[in-house]
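Each of the next two complexes has chain A plus one other chain: chain B in the first, chain C in the second.
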Partner chain A sequence: MYVLRMVLRNAFRHRLRTLLTIAGLTVAVLAFGLLQTVVGAWFAGAEAASNARLVTRNSISLVFPLPLSYQARIRSVEGVTEVAYSNWFGAVYKEPKNFFAQFAVSPNYLDLYPEFVVPPEQRLAWLRDRKGALVGRQLADEFGFEVGDLLPLQGTIYPGTWEFVVRGIFEGADETKVTRQMLFHWDYLNETLRKTTARRADQVGVYVVGIDSPDNAAAISQRIDAVVANSLAETLTETEQAFQLGFVAMSDQIIGAIRIVSYVVIAIILAVMANTMAMSARERTAEYATLKALGFGPGFIVALILGESLAICAIGGGLGLALTTPAAEMFKAVVGNIFPIFQVSSTTVVLQAAAALTVGVLAAIVPTLQAARVRIVDGLRAIG
Partner chain B sequence: MGAPLVEIHHLSKAYRRGEQIVPVLTDITLDIARSDFTALMGPSGSGKSTLLNLIAGIDKPDGGTLKVGGIDITRLSESALADWRAAHVGFIFQFYNLMPVLTALENVELPLLLTGLSRAQRRERAALTLDMVNLSDRLEHYPNELSGGQQQRVAIARAIVSDPMLIVADEPTGDLDRQSAADVLALMQRLNRELGKTIIMVTHDANAARAARAVVHLEKGELIGEPQPQG
Partner chain C sequence: MSVPVSYIARNLWTRRVTTLLTAGGLALVVFVFAAVLMLDAGLKRTLVTTGEHDNVVAIRKGTQTEIQSGLYRDQAAVIEMHPAVALDADGGRLAAKETVVLISLTKIGRDKPSNVVIRGTSANGFALRPQVRLVEGRMFRPGASEIVVGSSVAGSYSGTRIGDRLRFAQREWTIVGMFDAGGSGFDSEIWGDVEQLMQAFRRTVYSSMVVRLGDSERFAGFKADIERDPRLSQEVKRERQFYSDQSRALSKFITILGLTLTSIFSIGAMIGAMITMYAAVANRVREVGTLRALGFKRREVLQAFMVESLLLALAGGIAGLAGASLMQAASFSTTNFQTFADLTFGFVLTPAIAAQTLLFALAMGLVGGFLPAVRAARMNIVDSLRAS
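So, the complex of A and B:
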């Protein structure tokens, strides 16, 4: 208790300096947490994706479609339990800023996505209505969609005005599931294309493949690709997670830069903190020399300096940690739909705490060594 | 008369200043008896503070032997020397060297952290010691709330709280007004006469030196004559 009291009183001897350092630490730990959360949010969709589902796309590029006829061929592959398909629709709801994902999907699509929970009567209503649409809870909440609403979209990839009726709202099985998308019947799209641009009909964007076991994913992927090898539209099959990570990889450098910035912030506050501790220790050289003269060993001096550094970092880091979640909520409100999932993970909290602890320890190293090494007679002369 | 408390034989000390070696103490031989109150006097640079530092075990000589209480402290390791200081030496500095973040009571309690006493025992003993130096009404005051004389009395209480056999004082009145200096010297005399404490005091003030029982003069790192007993 005695030493703790001494440590805390020492920490606030220069109140302004300590408060400014604490403020810096708070901001740094907060910024670190937010940047880590941004990185986490970027990967959230991919991490939530399944390893038990495969995605088969055109091997040249995702922008090239695959023939509808592949469904039966993929279904025949050993280990495949279900085959659904979807097309990216990419239409605009009222204004371009109201972006959200829309997929034209096969009727069995939801069978492969048990994480999207739709009330049975709503799913039935959707299946019965060719123009019916299912919207996710996040999307419904954002735009105020309700069952029965008319939902007009302005096509971009598929020109024209498209009208849908909201027949159901699906929930995520847990809070990590993104439900900010709309699903509608692939048949509705295909029938329209047959009438307007027949050459684009009977083609799908990707096949979603259910398999008997995630352990067999690699082998089944190879078998699927082998089935259509040497055809005009060869395929590339991978797990859904790998498929999603492929998207994230496109922005790999941005993510890398954000990660680096988050660590630079910690490095900067480490320099600030080290400077604070060095100044404090230098001013107290005579006190440390006095303690040594009284018989206290270097360990006591180390405890005082390290304790003070850790106390300041604990306060600053603690405040930063406490402010991260409210700040993340504000950040999410500001950036809107860029990150459907923007939650401060427990890993981020641990990283923040570890960063504050590391700063506390590292900042104390040099002043501790200097104070422990100083000769008593030299230290006593440090008095004015 | 028993063996002297401090036995110094052919002690020497030099400092290196760049390429140059500057002798500070040369061939010092001196005995200081138990329960003596000795003043070390001399002009600036005479080596009196260096000699005091060596006797107190906060500096190491280059040659010679230095025994305190029969122990050759020049042979002790750093940690053993620290333990020895904690048990046997009380320090009084010119600028008091109190911890500014600790109250008078806590400052006096500080050396007792190195003993096996409980918190309650430490605080009781520190309070008693502060009472001895007439500061029982200033227990919870911080150093910056005390006058120079009061701060030096707290420092004296800190020096004696662990009941050391030797008290070293480096210019203890150097930063005090005349009245405070007189009070501090009177207190040190009391410690010497009533409690039998051995005190070695460095001073360049002849008035302060008169409080001691004997005066040792140094000049250019050498002893000048024999210790001069006083009234």
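So, the complex of A and C:
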């Protein structure tokens, strides 16, 4: 018990230095946690995506559509239970900075997405209104959309002003689901296109395919692609998760950079912490020699220094951990719409604690070795 | 008389380990700071060189990118015939009608495809962009299924060397040449004959059109004419403006992310510098007393410790900058959020960035060293001489 008290007394002997070190550690652990959360947020969409759904798109690239007639052909493939389709609409709500995803979807689209929960009467109201739209809870909260609101969008891919009526608001089945999007009737889009630009009608962006078992995903994907091989629009089918990861992979160098940088911040604080411990130990060489002269073994000295280092890291790391969640919420409030899911995961918390512990141990190694090895006579002679 | 600099520098040398650790921490912060600025400068340089000042891009109103845009043949003819458009040596109009689409290619060493811009153009497309030069092989022939690849594309995606064949849009396309676009965004593109590509992709409309103005001053009039013409649904922008608008989100993202990170890191590094300097002061109480007794004034002691802190920061700054300058050999490729296409750009170290970085390092030293130096300067001579 008294060892612990001695460790704490030692730690706060240079109050200013220790407080500065703790502040540095808090900032570093906090920054590390936030960066890990940013990286995690990037993958959130892909993690929420399902392995039990396939996405079939044009093999040239997503920019190219597929003919509507493929629905029946894909439906006939063995193992396929449901085929829905959607088009990326890409319109602007008032200003380009209000970016959110809009999809023109087939009526059965929601059957494939059980994670989007719509009250039955709202779903019925949506199905009955050709101009009806469903908006996700996150989106509705951000822009204050309510059922019955008129929602005008300025088309970019499909020119013109489009009007929708909010008929329902869907909730995510759990917190990891991204509901920052809007769904409306593909038929509304198609009928308008028939009148304005007929050559763009009857085309589908991607098919979303429900399958009997996720284990068959690879085989079914191959069968779907084989059905339309050598046609005007060949397809590429992959699981929804792989499809979403494809988007993440496009910015993987940025993610990689953030990852590296999150370890750099730990390296910086390690340098600061090691410095503090080296200075403290050097100043106390004479004391350690005295302790040894009194009969305490090297193990005791090691425990003293390591304990001090760990105590400082525990306080700094603990503060950093405690601040991470409020800081993440503030960060989310500031950047808002870039990351719909921004949650500090339990892995991040464990990593933060591990980083603080590692810094505490590493920073103590050199001073410990020096102090444990010092000869009593030399130590007593040393001047700090 | 002030305390000699050599004396100050030797103080740092005496506490090598501490100096090294503190300077190391500072160097890491400086490195990140410089790398972010260099990356943003690289992105800007890539975009500025992509656009020519007198070139004007026409895209459909309301669209930000060529991918979303569309332009009918009759509309293209109207724009081409506008009197402000420059003529070439043969009396033809300097206008390139282009189709721009994305195709998925797989980068060597990765399993996920990236989107690459494929641009259908004509001889005028090259004439309008003098920075684009063919460096290997030959030009694609009009009417043939041939393509030429940009220098950032060639070799970094599978099957993109000269002589290779790429299959897309139900055709085999032979790569017959490689062009260098002087570090501009075109380096990340593949070019082919516009008529062939439109047929292959079953497109009936162009994506966009680039024209050269005969007289730069006529831009305002040209813009007004095009945007007022009831036959047209296009808007026009200077090419340079067009490309910088297109990457504004990416540039903003890099800058905000990077500067937020460095400001957080700099807190850690400044705390490190402060700890070191406080310790330096605390260890040298008698020395400070001696200096004061020898006749050095408070101001000079303050100055001496500030110089020590600045030297420490400068050492860290130079080390960090040296590390960052090595990054110039690396290139960075990522998807532009606005165009969805892959864009490759490098880290560019400009004298302005080097100066900014060193100033940033010195500022950290200044902030970290100020309070400890004040403490040293305020010591009482008699007390400090008595200190053990």
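One rule holds in what follows: the second predicted complex is superposed on the first by the 382 of 384 C-alpha atoms of A that agree within 3 Å, B and C clash if a C-alpha of one lies under 4 Å from a C-alpha of the other, contacts with A are read in each partner's own complex, and residues count from 1 in each chain.
We take it that a residue touches a chain if its C-beta (ideal position, glycine included) is under 8 Å from a C-beta of that chain, and two chains touch if they have at least 3 such contacts.
Just so it is clear, the model here is predicted, and its values are computed rather than measured.
Enquirer: Given the touch rule stated above, what does A:S61 touch, chain B (first), chain C (second), both, or neither?
Expert: second
Enquirer: Looking at the overlay, does A:N275 come into contact with chain B only (first), chain C only (second), both, or neither?
Expert: second
Enquirer: Going by the contact rule set out at the top, does A:V265 touch chain B (first), chain C (second), both, or neither?
Expert: second
Enquirer: Please work out whether A:G246 is in contact with chain B alone, chain C alone, both, or neither, and reply first, second, both or neither.
Expert: The answer is second: A:G246 touches chain C but not chain B.
Enquirer: In the superposed model, does chain B or chain C contact more residues of chain A?
Expert: Counting residues of chain A touched by each partner, the higher count goes to C.
Enquirer: Let me test your reading of the model: by the given contact rule, A:V27 touches which partner, first (chain B), second (chain C), both or neither?
Expert: The second partner, chain C, only.
Enquirer: Per the contact definition in the header, classify A:A286: touching chain B only (first), chain C only (second), both, or neither.
Expert: The answer is first: A:A286 touches chain B but not chain C.
Enquirer: Looking at chain A, which of its residues have contacts with both chain B and chain C?
Expert: 384
Enquirer: Given the complex with chain A, which residues does chain B contribute to the contact?
Expert: 53, 56, 58-59, 79, 82-87, 91, 93-95, 97, 99-102, 106, 109-111, 113-114, 119, 158
Enquirer: Given the complex with chain A, which residues does chain C contribute to the contact?
Expert: Going through chain C, the ones touching chain A are 17-18, 21-22, 24-25, 28-29, 31-32, 60-64, 67-68, 101-104, 110, 112-115, 168-170, 201-202, 204, 233, 254, 257, 261, 264-265, 267-269, 271-272, 274-276, 278-279, 282-283, 332-335, 340, 342.
Enquirer: Considering the complex alone, what residue numbers of chain A touch chain C?
Expert: Per the stated touch rule, the residues are 14, 16-17, 20-21, 23-24, 27-28, 30-31, 35, 59-64, 90, 92, 96, 154-157, 159, 199, 232, 234, 236, 245-246, 249-254, 258, 261, 264-265, 267-269, 271-272, 274-276, 278-279, 283, 384.
Enquirer: Inside the complex, what are the residues of chain A that reach chain B?
Expert: Per the touch definition, chain A meets chain B at residues 1-2, 5-6, 9-10, 13, 286-287, 290-297, 375-377, 380, 383-384.
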